[in-house]
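As written, the chains take the letters A, B, C, D, E, F, G and H, and residue 1 is the first residue of each chain.
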Amino acid sequence: MSGRYEIRFSGSGGQGLILAGVIFAEAAAIYDGINAVQSQSYGPEARGGASKSEVILSDGAIDFPKATSIDLMLALTQEACAKYCKDVKEGGTLLVDEDFVHDVPAGDYNVIRLPIIRTASEAVGKAFVANIVAIGAIAAITGRVSREAVEKAVLSRVPKGTEELNRKALSAGYELVERRTV
Amino acid sequence: MTKGRQAEKVEEWENAKVRIRVVPRYCKGCEICVKLCPVRALGMERFKSKVADIDKCILCMQCEMRCPDFAISVERKEEAP
Amino acid sequence: MTRVKLLQGNEACAEGALYAGCNFFAGYPITPSTEVAEHLARKLPRSGGVFLQMEDEIAAMAAVIGGSLAGCKALTATSGPGFSLKQENLGFAMLTEIPCVVVDVMRGGPSTGVPTGPGQSDIMQCRWGTHGDHPSICLTPAYVEEIFSETVRAFNLSEKYRTPVIVAFDEVVGHMRERIEIPEPGAIPLVGRPRPTCPPSEYLPYDDSRGDVPPMANFFEGYRYHVTGLNHGPDGFPVNASPRIHTDELRLLRKVEGNRGDIVRFAEHRLEDAEVAVFAYGICGRSAKTAVDQARSEGIRAGLFRPLTVWPFPEEQVAALSGRVRRIVVPELSLGQIVLEVDRCAKGRCAVEGIHRVDGDPITPAQILARIREAL
Amino acid sequence: MAFDYGKYIRPGKLPHIWCPGCSYGIVFKSLLRAVDAQGLDPDDIALVSGIGCASRLPGYVDFNTLHTTHGRALAFATGLKMAKPDKHVLVVSGDGDATAIGGNHFIHACRRNIDITLLVFNNFIYGMTGGQYSPSTQPGRFASTMPYGNVDFAFDIPALATGAGATFVARGTAYHAAALDKLIVDAMRHRGFSVVDIVNACPTTYGRRNKFKSPTDMLLWMKDAFVPAAAYAKLSPDEAAGKFPMGVLHRVDGKPEFCEAYYGMVERLKS
Amino acid sequence: MAFDYGKYIRPGKLPHIWCPGCSYGIVFKSLLRAVDAQGLDPDDIALVSGIGCASRLPGYVDFNTLHTTHGRALAFATGLKMAKPDKHVLVVSGDGDATAIGGNHFIHACRRNIDITLLVFNNFIYGMTGGQYSPSTQPGRFASTMPYGNVDFAFDIPALATGAGATFVARGTAYHAAALDKLIVDAMRHRGFSVVDIVNACPTTYGRRNKFKSPTDMLLWMKDAFVPAAAYAKLSPDEAAGKFPMGVLHRVDGKPEFCEAYYGMVERLKS
Amino acid sequence: MTRVKLLQGNEACAEGALYAGCNFFAGYPITPSTEVAEHLARKLPRSGGVFLQMEDEIAAMAAVIGGSLAGCKALTATSGPGFSLKQENLGFAMLTEIPCVVVDVMRGGPSTGVPTGPGQSDIMQCRWGTHGDHPSICLTPAYVEEIFSETVRAFNLSEKYRTPVIVAFDEVVGHMRERIEIPEPGAIPLVGRPRPTCPPSEYLPYDDSRGDVPPMANFFEGYRYHVTGLNHGPDGFPVNASPRIHTDELRLLRKVEGNRGDIVRFAEHRLEDAEVAVFAYGICGRSAKTAVDQARSEGIRAGLFRPLTVWPFPEEQVAALSGRVRRIVVPELSLGQIVLEVDRCAKGRCAVEGIHRVDGDPITPAQILARIREAL
Amino acid sequence: MTKGRQAEKVEEWENAKVRIRVVPRYCKGCEICVKLCPVRALGMERFKSKVADIDKCILCMQCEMRCPDFAISVERKEEAP
Amino acid sequence: MSGRYEIRFSGSGGQGLILAGVIFAEAAAIYDGINAVQSQSYGPEARGGASKSEVILSDGAIDFPKATSIDLMLALTQEACAKYCKDVKEGGTLLVDEDFVHDVPAGDYNVIRLPIIRTASEAVGKAFVANIVAIGAIAAITGRVSREAVEKAVLSRVPKGTEELNRKALSAGYELVERRTV
């Protein structure tokens, strides 16, 4: 399992996090040629409730496709954060939406707070692109997948006519991190 | 059969005629109440319904009747005699 | 380049079907198999194939048999409750020897259970779900690429042996996405049903005089014949209380059991000198591979037997294995099904023990590794 | 010249299994005449059935014949028809097969308006299993599972088909055999789903329990009780008591046929 | 005073699982008001469902509640009702649950005229499984399994119920919630099988694919498209295009109820 | 005097049900089980019970569950194709723990097969017919009197353990007539479902804190609760991806497997010093008895193990037996089903071989005798 | 597709106008033909139909049309010119 | 199997031979206290075609309920006779209807020919009581069951209002044999 890197996207049912995982995995596997698998889980309550999507990146083969020792986890809602953060590994990163996640359970991980949803609704103009903003932020934080690959992956998966919007959302995500790092 | 009902956080707005309550945990932000309100008394904040101007309310009950989530209720206050 | 894709297991199943020449799908939506249908709903009408959403699973299974009888390569896909409903007509296809492929993406629990969680507890049902004696071929891929290739193989086996073939995988592999390279057309050879060469007037639809798989004429091709779910003679017409019934039902079993060499497929990993073997399929096979590698790195002589064909059961292989190892560990997302078969075939030659989990999460490599360690 | 049924009947298959006096044979002959009248090629016809006495019919006929599971004939037939939309697909069912266990496929075939013709051999009883009441057994009648007189209610099969969206709905009887030929021809020629509810006599399991002295009496009851729809409409309520309309009862010609609609989409996608 | 739904809702069960803007919650409230209006004892009510989003409703209500298998709710309900004919048995079903896989039980409950009330939560789609077309999806509409526009045809659920023999058939909508209370009360009071086809909005799987901008738009479409039956009957064909009648669409009061008929036989046999 | 009758097996089944307090039947006719329904159609309305002929077997199974939930002792009866159709709802009853009895009078063949001929080839389906893990109790009487008494026992077990019980017998014993003396009322004790003693406000329908079989309240009795086919918690409400699912499903199996002592019944005939044992149920058990007696008269030490409970399988008994005899012969009207279980439990300790016949006629004493002779 | 049709034993009656054939192996003795014949030209013998008086036959075809068993057929002979 | 005596009633579907077997077994088991089991078999073609009904009498227990070595077999039709007579044992009896069974396959058994159906239709007046005539004849031939028991069994199983007819049929059956023996 050399170089296995586990990412979890979590939030609530309608936030497009499964798609986020798919795009991220596609960027890695198809456009960057890195081994990647994506999986997800949701309740019978497919509607609403906490939902998660996971991407494993690795140099080698990926047999077990689920995250058990997470390198980076995104949580867009309080519920998802509480429910899923226990699998973040020591020294891992927990990325939360700064407006919607208030109580971050204590743990041996770095916490990054970003206004992801706010950026989507205010800076980009549509709350529903929060997932794309998140992809940008995660790509920037992890640095594992090339920006070019991510952009291609996003554009190949979003509905026709929304390319510009999504490109903007993606950039906004990158910027949230870059601005912060600077 | 009342098995220990938890106290639910409720937000309230009122004036002399009417009291409107919203249970934020129930509200899913569909905006039906806001859009069906004939006098635009309601608004959204952080994806939840809130009363924007209680004095506009004409007690038409549209928001309560059509909120799918048991999140908003409107109560006519006893008219002062 | 366009042949390389990130596909969901269910999508790969649909793509495998298309690759195999599937031109007829009938189904009824059910979690976690629905994406197979949805993918084909987009693709089939574009290629002139038939996509039918029927009123229920019973009707879907029936329509698939009808489509196949009219010459199509036909598929249906479902999950637990729908699979239970298909059983009666699945038996019809078995007895009447009409090829078709049935995909069961297994979810958790009996009844409605845990619709969105993974399970492997339909596996005995794949063998014994319909009434009466009948053959069963059931394939159990574990990787997205394997779902593709095993779905192609399912069509091939189904056509070759004139029998329904079940492809059973769990929700985890059905829903996960992996990189897959779709082979060039022709790269995997395709098999069609054996066809009659005689003139229609001499055609006997269940003529077993020249082999266990009688040639199959499609409807509307000039070979007018009779198909019935009653036990029948070589001419297809019902027979009653006759030795023919016995020999014909034996033939149906023999078609499958007698061709294990062709049908049974499995993957072995580090079994050569193993003292402990893991027998696992589907998601458990994936976990087990990781666990075996970890065990080896701890110096434990562990190995993995991963069946791609669960029915007919790899009896000889398991019997041989049981003679070589001290213990076989069988992780399953059920409370103990295929472990019974392993135990039966081991005939007491080695210890056999299951790891069972049905709480909606897969068995992890760590769980298996712990048992491998204990085994010593 | 007597009609040559032998053309269509598989050699060596007669006598058929139906009981003495069972009117199914009468209807069977009508079906063969109706097919003959259209000059169809037997290779182009599939005849599908479920399970029951009526469902044994396909075994006798030299078409492509498919004897399926109880109640499911229309679903199998739908598969055949969609795979080969230019072929003729005919289904025969008992009243139980079509409307008890098969009720769902019945209404969905009606809804879909797929170009299949369904002939319901309606003998008001489950014949094959020995006389249990069916969804078309009238109240008060006797059956092995209604030994004290039926307290359940019956479908009006044509009304059910109409409500479900069928575009050709007719009723005939075994007694009115010549008229039946014509109804079957019209049903088959209709482009869309067509149903003919065909009243039949089961002397063995229905007639005996319900005080019909002989098979002939059952036919004579049909002669009296079934009145052409136009004439029926003119009866006073008193006159209509115990009588039923027959002939074409419902017909719609505008609704698209399902195969056409589906393959129309296929064409659209090609271009 | 605002209506106290809490009386009937099981503590701790809200928020329910339905999506933001799903109109099921609106209809749910109507159902509770309708039950309340009749002053029934919750111990005497069984609420039964199959599988689907709509079918999750019983879990929230403090009655005797039974969440069964997909399509089969009416058959389970028939068992309950026959065992305890003096109790109230209510069934809620999605359009798929009731008329796709459950179509057979639907028509047979109609035929039998058993005193059960069925509320069909008709959102024109399979919601729970993510938006496949259903037997009530109108032609041309989009669904995950009809990505190029639906080429299949839809049931008219009230017509189907009528053809099958139901004695009380009505249609309401989530928008016309107050009128719906009354329809549900009347349906429950009717002695015999009653069906209310209730038009609903599924923004998640139907609305988005079919160009409704918001849940509210779906409600406003109902407001426009559904017209009281009496008014509908007076529309010219042009005016009627795209419109549907609502209210009580069919009602028969003479047909005996099934439990009464059965237990009537039991009484007769005793004497 | 009036209690002594010549009854058909199917009629005895109906009489047994009535004796056990059955007051609700729902079914759909099918050969060779229809007489169970017909008998009850005559009897139940006279005693105020419910006789329902439903639109199909699925509905019949559903109605039976509804009837039971409303407090009735409920029965359905069917044969192969109908049994396949009932599987989904049978699984619902297993998961929701609603007592009921399902009779399967087994006929020949898969699919429509040989409707009027006998078979025993649904026996694995009785264990594995529905999707998901689930318990199974299946009784296999062989004599008309035994059909009566085992049907009573089926109701008792079903109520006691809150689980569906299957009574499976073949067409021969279902249709043959034998003299039977109906016991006086009270002669066989009747068991009712465990009932809650707590007030409704404290009632948890799946409370397993005081034992594996939670008390059951009927609907309309003031205990308003929720029943669902989703995996659920003690309160009956759905749970998702939780360890509760695992422990609860284990409990369902344990209810049955853990009470083998109470549930497993069998008859032994001349086994004491046997070298060859015959393991046979139903009509084969009858043939075997004659064959064993004939073998003994030839001086062969043969004996018969005749299970009255096939599921849970008499594992310990067969294991013990396999240690004592040289060979176990298993005649079945199938191509080899229960013989697999015998083989599994014998674990190689003795030879196990089947006699199989599916031509529509029963296996005769002579066939079995010939094999007993060969065994030596 | 004529797979070796066996010759079937047929009984025939005729006069100048008409020929009536009965296949005894097909006839199941239901008596429909006998009872529906308006002129009583037919009768039963050993549970099989037979022609009692061919000259009564008015060629109404009722017996042929309603024999469920393909057992009786009636043929109008070419009128002699 | 001491004193096992096997009887087979055969003919065509509608002739009431299953009922005949039931009545015979009931006479033995209920009214005469002899062990008896009755079984039958018929095709999916329940309608018409050959059908058979069997009765086994024995002093001891009867485990295997089917006839394999028949003491007496009745055949009312040619088809049934041909199909089923091979199981008649050496020295057994084959009773056939003299009008409807012409070719009796050769075998080591005694053949008795009686006009059973003719007697029913002519002497008794209804062809459908042929099964009762046959019971009388068989009871007379075998002598294993008392006439009183047979009469009780017949009368308890036939429809109300037909008692006299059936009693007459039964007597006619006895007489056919007695007349012959005399």
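Descriptive notes on the structure:
Note that contacts are C-beta pairs under 8 Å (C-beta built on N, C-alpha and C of every residue); 3 or more make two chains touch, one makes a residue touch a chain.
The model shown is predicted, which means the values in this text are computed figures rather than measured ones.
Between chain A and chain D, the least number of touch steps comes to 2.
Chain pair with the highest count of contacting C-beta pairs: C-F.
Computed centre separation for the pair chain D/chain F is 39 angstrom, with centres defined by C-alpha atoms. Shared contact sites, meaning residues of chain H that touch two or more other chains, fall at 41, 43-46, 48. Residue positions of chain C with contacts to 2 or more other chains are 31, 45, 55-56, 58, 81, 88, 92, 111-112, 114-117, 224, 228-230, 238, 240-241, 361.
Chain contacts: chain B has residues 1-3, 28 touching two or more partner chains.
On chain C, the positions that touch chain F within their shared complex are 58, 80-81, 83-85, 87-88, 91-92, 94-96, 106, 108-117, 119, 121-122, 124-125, 127-134, 228-231, 240-246, 249-250, 253, 334-337, 340, 343-344, 347-349, 357-361. Residues 24, 26, 45-46, 48, 50, 52, 54-56, 58-60, 62-72, 74, 88-89, 92, 219-222, 224-230, 237-238 of chain C are the ones that touch chain D when the two sit in their complex.
The residues of chain D lying in touch with chain H in their complex are 15, 17-20, 22, 53, 128, 130, 204.
Against chain C, in their complex, chain A makes its touches with residues 1, 22, 25-26, 29-30, 35-44, 46, 62-66, 68. Chain contact summary for the complex, chain F toward chain H: residues 4-6, 31, 112, 114-117, 172-173, 175-179, 283, 286-287, 289-290, 361-362, 364-366.
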